[in-house]
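Two complexes, one shared chain (chain A), two partners (chain B, chain C).
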Partner chain A sequence: MKERQCGKNLAMHHIQMESRWAKLKGSKFEALTVFLTLLLAAFVLAVLVCVVAHTTPEALLESIASSEIQFAIKLSLLTSIISTALAIIIGIPIAYSLARYNIPLKSLINTLVDLPLALPPLVAGVGLLLFFTTPLGEALEEVGFRFVFTPWGIVLAQFLVNVPFTIRVLRSTFESINPRYEYVAQTLGCSPMQAFLRVSLPMSKRGILAGSVITWSSAMGEFGAVLMLAGATRLRTETLPISIYLNMLCGDLDMAIAASSILIFISFLSLFIFEKYSGGHAY
Partner chain B sequence: MPIKNSGIRVDDLSKELGKFSLRDINLEINKGEYFVLLGSSGVGKTILLETIAGIYHPDKGRIWLEGRDITDLPLKDRHIGIVYQDYMLFPHLKVEENIGFGARSRGDRHRIIEVANLLGIGHLHSRYPKTLSGGEKQRVALARALLTNPKALLLDEPLSSLDPQIGEKLRAELRRIHRLTGVTVIHVTHNFEEAFTLGDRISVMSEGEIVQVGEPSEVFRKPSSEYVASFLGIENLFSGKSTRLGDITDIEINQIHILSTAQKLGDVSISVRPEDILVSKKPLESSALNTFDGKMEDIIDKGTVVKLAVDVGIPLVAMITKISFEEMGLERGMSVYLTFKASAVHIF
Partner chain C sequence: MGRCRITSIFISLFLVVILALSAGIFAGAKLSINAESPAEPTLRVATGSPGELGLMDALIKPFEEEYHCQVKVIKASTGQGLDLGRKGEVELTIGHSKEALDRYMAQGYGIDRSPLMHNYFVIVGPKDDPAGIRGFADLTQAHLRIAETGSLYLSRGDEGGMHKREKAIWRELGIAPTSDWYKVSHDFMMASLKMADELGAYHMADSSTWTVMKGKLDNLALLVLGEPNRYEVAAVNPAKFPNVNYKLARQFIEYITSPQGQAIIRDFGKDEYGEPLYYPDAQATHGEQGTLLVYCGAGMRKPMDEIGRLFEDRYGVEVNYNHAGSGQLLSQMQLTKRGDIYMPGATYYFDIAKDKVFIEYHKLVAYHIPVIAVPEGNPANITCLNDLANPGVRVILGDPKACAIGKLADKILEKNGILDEVKKNVIARTVTVNELVLYVSIRKADVSIVWKSSLLEAEDKTDVLEIPEKQNIIRIISIGTLTFSENKDKAREFMDFVTSDEGKAVWEKFGYASYPDGK
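Right after this comes the complex of A and B.
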């Protein structure tokens, strides 16, 4: 009896709220879209909480301190920092040329450069693996560039999958800078390269920072391409994502959760930095 | 070959660039001259300026600077400074660093203070561009361009982003700096007051071509074409003979006598701004000295205002608001009276 009344009250309350809200916010359509948004946000939060809350804080810290997770953290940090640095160094001139110059077959080149964005990383990894069975790939291995099933393969896989992101962010940054800044610099005695280094590059620093962070965070989480090219060898090519995979396979949930928690933390951090520095032009 | 005191010379220059094009441009600008390129937006003035600066390579034609063919020189070796409407100050550098951007030697470093003082911006040294007003920014841009002692200074609508008051101040400043430095200037503008007051000579551009070059008074008095006349936008522009009439001037145009407070005798041109002319259905008793009656020939609706073309012996154009136009119930063919003060008659 009491329960029913309570339910009725709640329903009444709900209707009141609803109508007040409808008055405030306008159409039913708006209410529906906002509701779906809130629902999705709640679902994402629930999924993340499931990971982090599955174990006790003590067990989590203990797993993080284990030598295997420590190795994975170090390997992930090292490979992702190298592949991000490469993506930025190589991405800057490429993004600049795509933003500024009329290259022949520009749209085709744009598509090719962007393709890894849409391509499943697993397929990119298969491609990379097969590349090293070609005469060119074998020649590279011969002279010491060994990528297959090595930590360098992790770097290469991360680089190839992520460099299109880097180029996209950098290209839009350079496009937002009026080329007349460089023209003025050139009338003041700079060569085109000096004008780029003294004017456009420092003006792009926010975009470069945003691009680095998003590239680095994707590199930390890269799995498919890394698995194909570098394999999943415990304590050799075991990055954080590979560690999750290996530990889930053998049922060591605590270790998998530890690695996952670290990746969740990194995602939040990098998304926050990216939002802060990307979009809106710095000047 | 270019003559001795040649500043900038452009020979048969053509350039296609997207929807803009320049066709067979020929210019001969003297060393130390203040040359104004006048034209409405989209006629290719900026492209011409940027082609002279070296940003674009011409499809055809040559460019000479002080007797040297610079057509194939890179921007940095041309000794041409450029100043844009939007200043293009480097946002990551302080004022001092912006001005000193082109400094190459110790001597140039000393010049930073000199040039900053010349433009009255010495006190802004450690500020960043985003904290400056429009007028201050344009002074910094000018100082930056002047620091390297360019042989030519190209100004692209340098005053157009500024408040009219600031713009007028900076206009005087430009004249002073030009006198002091003697640098050859090409100043691009769509504002004919700027052209008239600054230019030693003016060239009028239309759709990628130079349609007239001459001294300001010549260009304004004798527009070489309908286009130039209508672009210059001076309505009620007449030529006549003026004589002294006591304290004022009487100008006879086509047997009509117009009185002016301005003093200039002989063959003169006059202009009256359409908005200075009062329109009435009956003659007005007023202090204004000029009253004419005539027939309304045409009504041109401009939205909030209406232009009335009235034939009083000479074709005068008056401008009134839409509201008074509707209240007065004016129609084509009506007789109306036009009244304006002697002080509204501009003689030149």
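Right after this comes the complex of A and C.
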């Protein structure tokens, strides 16, 4: 009896040992990971505080009230809202098609659409600038589509860099909605378009809102592509990030900090909204 | 037992004999050393201020101990020292007149000539600086200002090395000083400095003597740090005078040019005066090399890159550039308080840097000439400056806060009364001149105002229109060493190299007119 149980006991013991070992390992591992997390959080916080706390609140408010920063705020808001609206309007049908239909060469198209996401925005900007030196680009400019050195260039640059992001968020939203709702709507007499507009679109409201906010936030912060295509001309193509750049390199730290602080505030706000509405699993 | 006793007596005796003998040997040896000491080999070295300021004492002591010899320093100016060599009355001469040493070597009296160290020619003067020469790095320019303003000047008038240098400057300028502002001391450097202090006069000296004396001079300030004053050492040729101790002279030269000797030179006076009196020359490639950080306006990248490479080859000092808009560089310097040299595209930024006390010494380098740049074929038919104001012309200019050409273009347009009209045509402003050239050459703008030199590599894609001198504003490029440099000596050498004949040749190669010039 004892002999027979011995093997069982041994196995039990082994399992116990292992779990104890795992526990022990787990606790050290846990401590390490938590420590790293806290360290990074503290570092991020320190970096942000450094920006905001570099000047006095009075100087900060004064800089924010200056005509240059006011211009930058208005231009940033205007261009980013337009480019976000465009990204959403164009992104919805594209995301829907990628989520629902079997397109030939789907994976290749997917990769191409996603590519600007992985590409440094500067490269996208150089590409855009060079595009407008080609005969096609020149012709577009002749007809009146002027993008080089203009605020429209800012919109275009923001759009190109951010639209893949919008599409990704929207696509995963559509993918999370069961197509059977649309089938049911169609059996009840809706056309496919009506089914989309009346059923899927209202159901993806939260995802679209989250996508808009995150797209808008990164449009506000877009720098590299804007610099290349629209240039950095004071009071003309001076968005908030361009304002940071111009004032930083001319030694006007207060102005640069004012613009930075506004962008930090916007980032916090939009991240908060995004987390709230996307449920944390938007893409 | 008896045998034992006898043996021990013998052993004792033996020991006593040995002790006595060894004592005798030691005493004898000691005697012989004492007897030899008056005949210890002697080395005679002729030199001027390095002896006066105490450097020679610091150098000699370790040498005397190691080689069991005596070194005698004979106080003499370079000319006198070389004459002593010509008579075979010294083994070595340390002097600071290249021409005199050249002659000495050519005549065959000298052998084993070697660079040793340097200090600098300086001009000191009244603290309020009536002639306005503070910060000049060029002795000739400073002397010209002194003469032009008729400011009181004290000359040594002793036909020594310093006086010879001074006379050469007046000759170069074609100025014969007149007694109403020109005084003569007929005395040595320390005494002359005191006299200049009492008179409130400008005076040319060397940096080492100034460093030692400045604590005792109330009214004078260091105004100009001129070119290096280089000291060399040469032995007397044993073929001419077999009686000189050439072997010891040779050992002394090897010693003072070794890392050990050069370190003594480098550290001499540092503790007492807070800065070195002399800068070693002999171990330039082995000693402290360091790197130089040069803040250089983006428009001057090409000539400065080439000059930097030449300098690295010559001096083994690595030169790192920070190329950006001149204003951008200024703010970088302000934030980091690091680096050795500043060289912006326009004096405007240089003056700001001077006001902020970033610049220690400066020199004028070359002329920077603004021109009108258009894409090849001139699509907007620009013929003169006024055409920039024509309706519909796409003008691109530099950002006036960020780069020198932006600031200057606005000034030129303002001078010609068309700034407001042209501003309506400005489609963009850039941060550096190179961007302007790029945008014009890819035809994204019809016209720009850029430095002539910045178009050098874009010749096939752009056309140039010169701006008539009356309408134009030509800038002089300045270079300056930075007050927070940790490598001031090398920074100074680099600045001198940029303005040397070799440097000037590079400037001209890249389309600049070097300074000074007839223009």
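Keep this in mind: the second predicted complex is superposed on the first by the 252 of 283 C-alpha atoms of A that agree within 3 Å, B and C clash if a C-alpha of one lies under 4 Å from a C-alpha of the other, contacts with A are read in each partner's own complex, and residues count from 1 in each chain.
One rule holds for everything that comes next: a residue touches a chain if its C-beta (ideal position, glycine included) is under 8 Å from a C-beta of that chain, and two chains touch if they have at least 3 such contacts.
Predicted model, so just to flag it, every value in this text is computed and none were measured.
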Clash or fit (per the criteria above) of chain B with chain C on chain A: fit
Touching partner for A:T233 - first (chain B), second (chain C), both, neither: second
Which of chain B and chain C A:F132 touches, first, second, both or neither: second
Touching partner for A:S191 - first (chain B), second (chain C), both, neither: first
Touched partner set for A:A118, first chain B, second chain C, both or neither: neither
Touching partner for A:V199 - first (chain B), second (chain C), both, neither: first
Contacts of A:Y181 with chain B and chain C, given as first, second, both or neither: first
Partner chain in contact with A:A46 - chain B first, chain C second, else both or neither: neither
Touched partner set for A:L249, first chain B, second chain C, both or neither: second
Smallest separation of CA atoms, chain C relative to chain B, angstrom: 50
Chain B residues touching chain A - in the complex, by the definition given at the top: 50, 53-55, 74-76, 78, 80-82, 84, 86, 88, 90-92, 101-102, 104, 130, 144-145, 147-148, 150
Touching residues on chain C, where the partner in the complex is chain A: 324-325, 327-328, 330-331, 334-335, 396, 399, 401-402, 426-431, 442-444
Contacting residues of chain A [partner chain C, same complex]: 129-130, 132-133, 148-150, 231-234, 236-237, 246, 248-252
Residues of chain A defined as touching chain B within the complex: 178, 180-181, 183-191, 198-199, 202-203, 205, 282-283
